[in-house]
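Scrolling down, you'll hit the structures one after another.
Both of the next two complexes hold subunit A, though its partner changes from subunit B to subunit C.
Up next is the complex of A and B:
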């Protein structure tokens, strides 16, 4: 069953200085038990997408210009705040990039997890009992492999590490039992060992609970480990999307190719690292391929219009080299 | 950070330590004396109110009238020969009660108005804050005098009048805190948990903003005593013969400057308590804002 469907989503940031198109017609869909990765560099719009899906964009300055976000068949992008509150928690939950302020500094870990359990119980009209909720909280902490779960449950956020906070957030996600989990670079702020442990726990949880996951990251290696399929975002547009192995091992879009080339190999010395030239600049990209200014293969056709998504070898590629089709 | 560690940090510097001593002596004494007075009045045994005092604060003793400060009368005696220090001590619980209730009431009303203004924003913010401005636009003292003069000279009206002039500054503070806190990630996390706005404000925003309020409220305890004393000085406090610091200062003015202690001694006590609260509040701000 399809948990999330995003169709033609465009989000602008409107400030006194002008308008920035953060997302331009992004579409993707996530099914039960599926982990969909959204990969992109800083400024590609990936965090905007995550925030838009969980309805946490600050409006203003953000404005959803067009498109729809459907959660289990219900349009949520136009919902009023009181309605969206009903969807959150048991419907959509999110884990943030920066662990250090994700938990209320004045509440014990167990109380914050119990708070989520209380919401879930209330929605299913089940009686809420404080001590059994605390016991459940500890059980979830054990599931996410927190050593000494009973002790951690009694602590305040400043008394535990960033990796532990991310696990607590995952435990909260388990407590909420959402159908969709949005993860915005949940392991970026952590060291590599902790990252690997959390990813393993993550995968296990998804297999067990069958929740759909929107996993946002800039790290292709992480995406490769955890995602079933991925979408490469650049300039607010999906440039290439398809199954993970197709994209990682046989990239087609020049941007994806460039990204893959710029990952250092851990096994051999390969001389100077190739990098994509230039830097992303949102100016002057109207009506052309967003990657054209930095693309090594760019030619005249790239500036004739915005390339459409071409189906190539089990994925879609937004590049004129795979068919001269343009967005209307 | 536990309360003990806060106290330890306060005690490590002279000014906050002095403030801590003055404020705890004032409230400590007020609680003891206030309970005695309360039990005394409930059991129709008013003498219980001055068992700890040197003499009865109400009984005139004309032979002792207007004696200067000495070891037997630390602050001298008033026109009716009553010991001023005794009367000051007897009056302390009223001022303690007024300061506590006024500041507490100000925080309560201020949070109810200010937190939704900052958190929800939009029309709620406009309405709440313009309403606050309406009260801020009046000179506080004149508003309090008007309220008291309308309703009558009773402690409860004095307290109500003070709360009415007191909450607007807290409403502004709470709004500013709400604006800061609502952008923190854990509020998003609470939203994501499916909590309604009401619970987020009650369980996440108010507790988080109290840290900032503590030091401000401590300084304010002194200010509210000062304003209450001014009301009494103007003859709007609790009626005679009950002693009150402000009204004692005011009555003493008839005997100034020849019998200076009658007016200056109660005034001096007010000053000490107000400065004590200011020193403690200042110290608390340094400690709580993470200077340590």
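Up next is the complex of A and C:
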């Protein structure tokens, strides 16, 4: 079953200084038990997409110009705040990048998880029992492999590490039983040894609960490990999207190729790294391929319009080298 | 202390048995009267290494490993409790006590957004290390221009302010500031961790090019094994303030001998690998009043009784120095060969 469907989503940030097009016609869909990666660098619009799906964009300055966000068959992007509140937590749950900003510093871990359970019970009109909720909280902490779960449950957020907080967030997601989990760089602030542990727990609970996951990351290697399919974002547009196998092992879009080549995989004695020239600049990208100014293969056709998504070998590629089709 | 002695290059930086601990919490009068013990964090414990001209030593470690403190000790921003730091033979003193050495040692900080004054013109930012050197006027302008050219920036940035530049450009300015005084040693503290991968490749290439041309000795501090493998001639792996393994880059990165190095490298996701990286148990313990023994023992799958009792010595293993009982002859005889 399709949990999330985003269609032609465009989001602008309108400020006194002008308008920035953060997302331009982004489409993607996520099914039950599927982890979809959104990979991009700064300025790609990946965090804007995560916030838009969770309906956490601050408006203003953000404005949804066009497109729709459908969660389990219901359009949510135009819902009133009171309606969307009913979806949050038990429907769509979000895990943020900075673990130290995501929990209430004045509440014990077990109380925060119990609060989530209380909300879930209320929405399903089930009776709430404090002590069984606390027991359930500890059980979830054990599922996300927190050692001494009983001890951690009694602590305040400042008394536990960043890796443990991300585990607590995942335990909270287990308590909320959402159909969609939106994770924005959940392991970026963690050490690699801790990151490996969290990724393992992540995969395990998705298999167990069958929730759909929108996994936002800048790290292609992490996306390759955890995601079933991925969308590579650049300049607010999906440049290449498809099954992880296809993109990881046979990348087609020049940006995807460049991004992979930029990751050091040799020693300096073997020669310089293949870098992408220049830097992302949102100015002057109207009506052309967003990557053209930095692309090693760019030619005249790249500036004739915005390339359309071409279906190529089991994935889509937004590049005129795979068919001279442009967005209308 | 075992030291790797085969050196082809002229030594630029020599560090011996460097230690630094920080006291934690206040120790008031009552605590003194009751002789309450002061708590300490061991930031760096007994670091020893040499870096030759044109060589890069990578300090690889996770957060809390003491790698940044080690970098700050090298450039004199912190005062060591004990040990020796020598620059081509001379001892290094803390910045305030020895201004003449300033130009010979430079540091590039992790976050250029906060290490560059946003209100200063780029020209003045880069020229700052020359202030006390007596170089002024046209010689100064020429040096600044040269530095800007060699980091691949357009000279038009000189009249702009650091706050107007992108992350990659700011880091290039930081490097220009570091090289303007023609230093011998440059400490690079996570120089690319705050910038995008596509820009990181440009900056790493530039650093290698500058080193090949000017024979700088680099001490590169990083948490990223990919960056370490690309940049390093030799690698020192730190865990909780201690160098647990040290040796030539190819040896340490491709055939790690210390259980922590093995765990660190195997838990890093690699491009083109689809399985979840190997998971090691637990998280680093608190640095405050570390228990005796090997700092990695509580997480180590091979730990035996002695690991929790006494800190292991350094053993020479196939050209690298490893601080682990697995390589102790007596322990080996008792428990069999190392994995």
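Here is the rule we use: the second predicted complex is superposed on the first by the 322 of 328 C-alpha atoms of A that agree within 3 Å, B and C clash if a C-alpha of one lies under 4 Å from a C-alpha of the other, contacts with A are read in each partner's own complex, and residues count from 1 in each chain.
Keep this in mind: a residue touches a chain if its C-beta (ideal position, glycine included) is under 8 Å from a C-beta of that chain, and two chains touch if they have at least 3 such contacts.
If you're wondering where the values come from, they're calculated on a predicted model, not measured in any experiment.
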Worksheet entry | Room on subunit A for both subunit B and subunit C (clash or fit) | fit
Discussion item. By the touch definition at the top of the document, which applies to A:264: first (subunit B), second (subunit C), both, or neither?
Written reply: second
Practice prompt. Identify the partner contact of A:93: answer first if only subunit B is touched, second if only subunit C is, both if each is, neither if none is.
Written response: first
Discussion item. Taking the superposition on A as described, I'd like to know which of subunit B and subunit C A:283 touches: first, second, both or neither.
Written reply: neither
Item to complete: Could you tell me if A:125 is touching subunit B, subunit C, both of them or neither one (first, second, both, neither)?
Response: neither
Worksheet item: Touching A:191, do we find subunit B (first), subunit C (second), both, or neither?
Response: second
Worksheet item: Counting only touches as set out at the top, which of subunit B and subunit C does A:116 meet: first, second, both, neither?
Response: first
Worksheet item: Which partner, once the models are overlaid, touches more of subunit A's residues, subunit C or subunit B?
Response: C
Practice prompt. Calculate the angle at subunit A, using C-alpha centres, between the directions toward subunit B and subunit C; round to the nearest 10 degrees.
Written response: 80
Worksheet item: After the two structures are laid over each other on chain A, how near do the C-alpha atoms of subunit B and subunit C get, in Å?
Response: 10
Worksheet item: What part of subunit A is shared between its subunit B contacts and its subunit C contacts?
Response: none
Practice prompt. Would you mind writing out the residues of subunit C in touch with subunit A in their complex?
Written response: 56, 62-63, 166-169, 196-202, 204-205, 208-209, 223, 225-227, 229-232, 249-250, 263-264, 267-280, 282-284
Worksheet entry | Of subunit B, residues touching subunit A in the complex | 184-186, 188-197, 203-204, 207-208
Practice prompt. Write out the stretch or stretches of subunit A touching subunit B in their complex.
Written response: 54, 56, 81-82, 85-94, 96, 98, 101-106, 112, 115-116, 119-120, 123, 169, 172, 176
Practice prompt. Could you pull out which subunit A residues touch subunit C in their complex?
Written response: 41-42, 147, 161, 163-164, 191-197, 199-200, 203, 218-222, 224-226, 244-245, 248-249, 258-268, 272-277, 279-280, 294
